[in-house]
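Chain lettering (A, B and C) follows the sequence in which the chains are written, and residue indices restart at 1 in each chain.
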Amino acid sequence: MKNRWIYVLLVLAIILPLARPLGLPVNPTRETEDLFRMVEGLPAGSVVYLAMDFDAGAIPEILPQAEAVFTHALLKDLKVILHGLSDQGVLIARDSLHPIAWSLGKAYGTDFINLGFKPGGGIVLRGMTADLWKTMGGVDIDGTQLAKFPLMQRLKRLDRSTVALIVDFNSGGSAMAYRNYVSEPTGIPLALGSCAVNFNVQMPFYRSGQYKAILNGLRGAAEYERLLGRPGKATSAMDAQSTSHALIIGLIVLGNVAYLLGGRRTDKPKR
Amino acid sequence: MAREIPATITVLAVLVVVFSRYFAVGAALDLTRVTDRWLMLTYAASVFVGVINLTRLHLDRLRRGKDTRSYDLVLLFVMYGYMALGFAQTNAGVTFRWVYNAVLVPLDSTMYSLLAFYIASASFRAFRVRSFEAALMMVAAALVMIGSVPLGDALSPAFPAARAWLMRVAQTAGFRGIQIGAGLGGLATAFRIFLGIERAHLRA
Amino acid sequence: MAMTRAQVWVAAVATLAIFSYVWRENPAFRLAEYVFVALATANGVVMVFDSYLKPFFLVDIKQDGQFLLLVPFAVGLLIYARNLRGLGWLSRLPMSLWVGYGAGYVLAWSPQPLFIQLRDTFVHFYQVYPDGPLAGRFWLGGTVNNILFFAGVTTTLMYFFFTVERRGPVMRWSAAFGRWTIMLALGAAFGTAVQGRMSLLIGRIQFLLGTWLGWLK
C-alpha cells in the first residue's frame, strides 16, 4: 500500500466525525477527577498558580486544559497567577485566557495576573520561593510594576501559606523543576496538565503522590470540560480521536496479516 | 589559565549550591538567594547566542553561494525584522502579536502534527509481531489506544479498565525502573562534574 | 483566541505549506521552515528583553543604582567571546558557571524526590479495601497489583544491571520479567504517542475546516 493512501485514510478518519459527530460520551478518569476535586474544594480567595510551560506546538492539546482549569478557578472565585518558563506559553495565555477572565467579569491585577516569562528554568522557581517580586524583576508580562496590583500585595513568595495549588501545563521537562525546586521544599500541592506523549513518564510520580493529579492531553481536557459541565474544543475533538485510533489499530492488524500471509517479508515504503 | 579558572569556577558553583542546601550556615548566609539572581542575569545576557549563531551560519551559506540563498536571505530578514518590531513595539504590540498568532502559532502546531502521518505509516509497516515481547508491546499499545478514547468506553467497559491497569500498574512499574536508573545516572554525572572527571564543557 | 479574517488566511496558508511536506519536500515547506526558525528565535529574544533585561536596566540599575549586578551580567556577555579569535577561551567562564551551578542543583535538590520513588516501591503487599461496603476487608486485586508493581520495578532495574552475569533461573527469569515490563511500558508509550500526535492533527484540521472554511459548526 502506498503511503499516500494511508495519509488519505487518516485525514478522512478525522474529517468525517468532525463533520458528523457521533457524540460518544467522555468518561472522566481518576487522574482528572483528582484535579477537579482539588480546585472545587479550595475556599474562595485561595491563590492558584497556573504555569504556562508549553509552546505553540502544544496548543491543540494543552490550551484546552488550561482554558478549562482557568475557567473553573475563576468561577470558584479563586485568584490565579499565570507564569511561564517558556517564552511562548505566557503570550498564548494573554491572548486566550485573559479574554475568558474578562468575559466572567474578572479584573486584571485583582483576580488574576500574568507574570510573564523569565529565563533560567529551575533557578527562577527557586528564586520565587525566596522572593517572588525580585525574581520577577518587579514587573508583570507588560512591564507594569507589581506594586500597582492588589493581588500581588499578599504574594511576596511562593509557599504553602500563599499558594494553594500549582498546575503545571507543560510540554517538556518543567514538571521536574516544579517538583524538585518548589513542591518538595515548600509542600505546595502540584498537579500537571501534560501532553499525551509525556503522560507515561509522569505516572510514577502520580502513584507516589508527588503529583496530585495529571490531565492526559486532549482527552484530559475533554474530561475536565465534562466535569465542569462546559463542553468545548476538546470534547468536540473526541470522536475524531476515536476514529483515528481505530484506524491506527486497523493498520497495525492489516500490516501483520499482510506480513504473515506474505511469508514474513517486510513491506518497503512507497511514496 | 584558560583551563584552570573555568574548572575552579565549576567546582565553586557546585559547592555554593550544595553548601546552601545541606548546611545550616549556608542557608543562613542566603548564598543561593544572591547567586540565583546572578545566574539569571548571566542567562539573560546570553540571549543573543542563538541569533548570532544563525546569522553566522546563514551569512556563511550566502557567501558560499549555496542553492538555499533565497531562503537564507528570508531567514535573516524575518529574524531581524521581527526582532526590531518587538523592540519597537514590545511583545504586547499590535503588529507583533498579529504576526505571532497568524504565522508562528500555526507553523509550530502544524510542524508537530506532521508526525501523525508518519506514525500511521509506521503502524502499517513496522509494527510486526516477530516475538513474544513484540506481541506484548503491540497488545499494550492497542489497549491504551482503544481504552483512552470514548469509542473504547462505548464498546466495552473492559477497554478503559484494561488501559487504567496498564497505565497505573504495568507501565508505571516500567517507567519507574527506568527513571530510578536515569536519576541515579544524573546524580553520578553531576558528581563527576564536581570532581572534574567530566570536563566536556571546558573544551567549548 | 480571536483572529481577524486576514490572520486566519495567513495561518491557513502557513498550515498548508507545512502539510505540503507529506506530499514531498517542496519550496513552500522549506520557506515555512525557515520563517518558523526565524520567528521563534526572534520571539525568544524579545521576550527575554521585555520581561527581564528592560526592567533590569530601568529599575535595578538606573533607579536603584545596584551597579554590582553589572558584574554577573558582564560574565554572561563573555559567552560571545567564542566568536572572537584568541579570546574564545573566555566563553568557558560563563559556560563553566552554568554547568557547575546545574550540577550543584542536581546534587542539592534531586536526591530527595528521587528516593521518594524508591520508598513508594517498597510498600505493603497486603491490601484492604479503602472504602465502600467491603472497607477494611482483604482486597485481592490491590494485593496482586502491589506485588506485580514491586516485581516490575525491581526486575526492570535488574534488566539494566550488567555487572552480574545472568546465570541461573532466578537471574534469567527476573531479567525476562523486567524485559516484559519494559515492553508493556513502551507499548503504552506508543499508544499515548499516537494519542498526542492525533490530537495535534485534529487541532489543525479543526482550524482549516472550521475557523478557515467555516464548514464545521
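As a convention for this text, contacts are C-beta pairs under 8 Å (C-beta built on N, C-alpha and C of every residue); 3 or more make two chains touch, one makes a residue touch a chain.
As the structure is a computational prediction, the values presented were derived from the model and not from experiment.
Of the two interfaces, A-B and B-C, the higher number of touching C-beta pairs belongs to B-C. Here the chain at the heart of the structure, going by C-alpha means, is C. Each chain gets a centre from the mean of its Cα atoms; the one farthest from the centre of chain C is A. Separation between the centroids of chain A and chain C, computed from CA atoms only, is 13 Å. Chain A and chain B, compared by their mean Cα positions, are separated by 17 Å. One finds 5 Å separating the Cα centroids of chain B and chain C.
Multi-chain contact residues, meaning those touching two or more other chains, occur in chain A at positions 7, 10, 57-60, 88, 91-92, 95, 118-119, 123, 126, 141, 143, 199-200, 204, 207, 216, 219, 241, 244-245, 248.
The residues of chain B that reach two or more other chains are 37, 39-40, 43-44, 47, 90-91, 100-101, 104-105, 107-109, 111-113, 116-117, 119, 123, 138, 141-142, 145, 148-149, 167, 171-172, 175-176, 179, listed in rising order.
Looking at chain C, one finds that residues 1, 22, 43-44, 47-48, 50, 52, 56, 101, 105, 109-110, 117, 185, 188-189, 192-195, 197-198, 200-201, 203-204 touch two or more other chains.
Contacts from chain A toward chain C in the complex involve residues 4, 7, 10-11, 14-15, 18-19, 57-61, 87-88, 90-92, 95-96, 99, 116-119, 122-123, 126, 137-139, 141, 143, 179-181, 184-185, 195-197, 199-200, 204-205, 207-210, 216-219, 233, 236-237, 240-241, 244-245, 248, 271. Interface of chain C with chain B (complex): residues 1, 3-4, 6-8, 10-12, 14-15, 18-19, 21-22, 30-32, 34-50, 52-53, 56, 69, 71-77, 79-80, 82-83, 89, 91-111, 114, 117-118, 121, 145, 148-149, 151-157, 159-160, 178-195, 197-198, 200-201, 203-204, 207. Taken in their complex, chain B has these residues touching chain C: 2, 5-7, 9-18, 20-22, 35, 37-52, 54, 56, 68, 71-72, 74-76, 78-80, 82-83, 86-87, 90-91, 96, 98-117, 119, 123, 133-134, 136-145, 148-149, 165-167, 169-181, 183-184, 186-187, 189-191, 193-194, 201-202, 204.
Of all residues in chain C, those touching chain A in their complex are 1-2, 22-24, 43-44, 47-48, 50-52, 54-56, 59-60, 101, 105, 109-110, 112-113, 116-117, 119-120, 185, 188-189, 192-206, 209-210, 215-216.
Contact residues of chain B toward chain A in the complex are 30, 32-33, 36-37, 39-40, 43-44, 47, 90-92, 97, 100-101, 104-105, 107-109, 111-113, 116-117, 119-121, 123-129, 138, 141-142, 145-146, 148-154, 160, 164, 167-168, 171-172, 175-176, 179.
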